[in-house]
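What follows is a set of structures for review.
Next come two complexes, and both contain subunit A; in the first it sits with subunit B, in the second with subunit C.
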Partner chain A sequence: MVFLQVIPYYLDLGKNLNDQMGNVANYFQRWMLIVIALATLVGVIAVVQVHAKNVQKRSKDWLFSIIVLVILALMLVAGLPLKEVTLGPTNSVYLYLFNNAYTPLSGTMYSIIAFFITSAAFRAFRARNIEASLVLIAGLLMVLSNAPLFTVMWPPFKTIGDWIMAVPNTATMRAITMGIALGTIALAVRTLMGIERGYLRGGGD
Partner chain B sequence: MSLLKSIQNLDRRWIYLLCWIFVMYPLIFPLGLPIPINQQAKDWDKAVTAIKPGSTVIFAPMYDPSGIPELFPMTVATFRQLMSMDVKVIVVTFWAAGPMVFNQVLAQVDPAGYKKVYGTDWINLGYIPGTETAMASFGKDLAGTASQDVVERKPTSSFPIMQNIKSATDITLIISIETGTPGATEWLRQWNTPYKTPIIVGCIGVSAPGMMPFVQSGQISALLPGLTSSAEYEQILKQPGLATAGVDAVSMSHLLVVLLVVIGNVAFLAYRGSSKGGK
Partner chain C sequence: MAIPFVVSGNFIGLLMLVVIMGATVYFTKRAQGGKVQPIRRVPGIDAMDEAIGRSVEMGRPVVASHGIASLRDATTGPQTIAGLSVLSYVAKKTSEVGAELIVPVRSPEVWPIAADIVETAYKVSGKAEDYKVENIRFLSNDQFAYSSNYIGLLMREKPGANIMIGAYWAESLQLAETGSRVGCMQISGTAQTSQLPFFLVATDYCLIGEEIYSAGAYLTNDAQMIGSLAGTDVGRIIAVALSLLGALIVTLGSQVMIQFFGW
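Presenting the complex of A and B:
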């Protein structure tokens, strides 16, 4: 399976051979999609097991577990793809919960980060030493370059921000990306060679 | 001395309150601050307008509702621009909640209003589970991977728009608007590298630093990061929308951060100076 995926990706073995290997790989990829889709069911079972146990044992905040289970059941039933009985993503209950509960709650959770970042910036951006001062200056310049209020007042803020993004940031990101790629290749090779067996829950050796 | 120390240890709840005021005020009473148009928004507009008439593009809203506050304005603006052009659009997502997000886009931009016929000018293939594996499979065989559309529940290959579209090589451009994984890097690995399909990416502001190496290398043809760039893009299209309405709040929240950082450092340095002087 691995070689079927990897070889046509990296090597040109001629159109016919590459196509044949690609077709076989594509066939197995579709199998994988079915397996991944079924794995969602495992997630649902796990959520039910955890929260049902919470309710059963009256653990801390067990009432929230009831909410989780009720909403899960409601969304699951309302979202079943049975158009004939008006269920599915166009079902009114499903749409109501999605548009009026899930969407605003998700947006709120994400937006809350603004409060934490503001508080963290106030506490962390202190000129305690040279390194901290550099972070402070770079961070402040990025903030100034990202708000139209400041770039209108003094357009070079944008130029400076763009330079920080394009030069020091990109250099660092490249190093991180390459580091991750090399680490991933090493892990893949170790796994294929049977050296890395952590995924079997058995530890290294 | 105690005042300087109190400023440095300001209770975070006061900061939250200030943050709330600085964000809410411009949302209730818009300030109408000018929005200078920068290169990234120009590049995005250029990449979209450069699509040749009759070409087919992939439009992929790759996020769930948590990304709506920042990404929805650029999704609406881009889809609206596509609908106003002679371009065929295949809508697809690899995020489970992506189709529901796209339904909200359809509530704002009705393709029929642009005389676009479903199945001929655009098609909605919905969500394909399987993240990167699904993206790879979709690149090899579009109609085979997404066998049905989500609107009419008919075989994908039966629609006129799909007649000449077999694999990623038949796609002119991918427009991916996203919050994370799967997203740009998966498109790059499974579409851009093997098939050379160009990609433009709209992302949340915090993702922008990670995208920059791909922009510089030319793998990502254009990048539209965050709400400010969305507002600039709306200005280019001369269609002010949600991003233009929200960009004043971005400016004000940034102003608060700058003020707090300056005040915090003045208090810190003054306190340190007075402590040293006292010794």
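Presenting the complex of A and C:
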């Protein structure tokens, strides 16, 4: 599978052979999609297992487990792909829950990151040592560079901010990215050689 | 310049891949013969035992997650593998010292693997009866549903340690900040460059980029796996040399390097 995917990327062995290898790789990828679709069922079973046990044992906050199980069942039934009985993604109950519960909750979770950033910044921006002081100074300069009020007062703030992003930030990120690529290759080699077994039954021995 | 049988523009990439893979195989085989390279200490990995020990002393569980990526993606899948390798070590340690281990899972196809790793670790330690399948928690396939569930879990269980190694996205700061709020010792690691700053400021120890890939080798102390790390050093030396050479040549006004990488 690995070579079927990698060879056409690097080697030009003629259109026919490259296409055939691509087709075989796609065929195996379809297998993978079927396995993943089945795995979703495993996820549902795992959720039911945990929350049903919570309800059964009357564990702490077991009432929330009932809500999870009820909503799970409701969405599962309403979303069944049976157009003949008006079920599926266009079902009114499904759409109501999706638009009025799922979407706003998801949006809320995303937007609260702003508050987490504030509390993290409060803790990080303390000049405890040289490194933390550098972070504090760079962070302050970036804030000043991105706030129109300060760039209007003193335009070089924008130039300084751009320089921080283009030079030290880009250089560091490129070094980290190169390291990640090298680490990924080493992990791939270890996995292909069967040395990396940590993810296989806790070591495979 | 066109190279026969090689897709135009990909020759140098192929050459580098072959050289680095060859070096990794060479050093791995060399380690098999007993010649193991010394490796530098990584504080974040060394702190794993401390974090687990702290949880036992406090009578609190250990939470260990392996990111929210599946195993499918070429860039984030390896991070999940690295996270699962760390989970394998954490499960072994928690089973030995009797700490409760909770594993939040996002991807349904990773759930059976995580459950199997933890179960095997408990069996190997002779504590199969302590393994609880309900502690391998599939939270949700949705990113923010997973995040809110994980936050709730941290707030309710108040773990002594929160270990997060793998691919994380926008939820990284939410999880790290909540962990910090409940007072648990946190070890994080990711190769997602956009999330590294969040982990760096909000957790006690952070594995940066490639360190997560070497964590498995580091923790198992396996000679072959440690040997493979030397192969990446060959790639690193080539990368630094080419970067310096490229900067010099481009500064002098030549386009040779750009043409070289375009082969």
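By our rule, the second predicted complex is superposed on the first by the 184 of 205 C-alpha atoms of A that agree within 3 Å, B and C clash if a C-alpha of one lies under 4 Å from a C-alpha of the other, contacts with A are read in each partner's own complex, and residues count from 1 in each chain.
The definition used in the following text is that contacts are C-beta pairs under 8 Å (C-beta built on N, C-alpha and C of every residue); 3 or more make two chains touch, one makes a residue touch a chain.
For clarity, every value in this text was computed on a predicted model and none was experimentally measured.
By the touch criterion stated above, A:Thr103 is placed in contact with subunit B alone, subunit C being left untouched.
Of the two partner chains placed around the shared chain by superposition, subunit B is the only one that A:Asn169 touches, whereas subunit C remains out of contact. In the superposition on chain A, A:Tyr9 contacts both subunit B and subunit C. When the shared chain is aligned, subunit C comes close enough to touch A:Val189, but subunit B does not.
When the two complexes are overlaid on their common chain A, residue A:Ile36 makes contact with subunit B and with subunit C alike.
With both structures placed on the common chain, the touch criterion links A:Phe150 to subunit B but leaves subunit C unconnected.
In the superposition on chain A, A:Ser111 contacts subunit B only, with no contact to subunit C.
By the touch criterion defined above, A:Leu80 reaches neither subunit B nor subunit C.
In the overlay built on the shared chain, the residue A:Lys60 is in contact with subunit C alone; subunit B does not reach it.
Across the two superposed structures, the residue set of subunit A contacted by subunit B and also by subunit C is 9, 32, 36, 40, 102, 105-106, 109-110, 117, 119, 121, 123, 173, 177.
On subunit A, the positions that touch subunit C within their shared complex are 9-13, 32, 35-36, 39-43, 46-47, 49-50, 53, 60-61, 102, 105-106, 109-110, 112-113, 116-117, 119-121, 123-124, 135, 173, 176-180, 182-191, 193, 195-196, 198-199, 201-203. Chain contact summary for the complex, subunit B toward subunit A: residues 10, 12, 15-16, 18-20, 23, 33-36, 38-39, 64-70, 97, 99-100, 103-104, 128-131, 133-134, 136-137, 140-141, 144-145, 153, 194, 205, 208-210, 212-213, 216, 226, 228, 231, 247, 250-258, 260-261, 264-265, 268-269. On the side of subunit A, the complex with subunit B involves touching residues 9, 22, 26, 29-30, 32-33, 36-37, 40, 83, 89, 98-99, 102-107, 109-111, 114-115, 117-119, 121-123, 125-128, 136, 139-140, 143-144, 146-152, 155, 158, 162, 165-166, 169-170, 173-174, 177.
Residues of subunit C that touch subunit A in their complex: 5-7, 10, 13-14, 17, 20-21, 24-25, 28, 70, 72, 75, 78, 81-82, 84-86, 88-89, 91-92, 105, 108-109, 111-113, 116-118, 120-121, 124, 133-134, 136-138, 141-142, 144-145, 147-148, 156, 170, 173-174, 176-177, 180, 191, 193, 196, 198, 201-202, 208-214, 216-217, 219-220, 222, 224-225, 228-229, 231-232, 235-236, 239.
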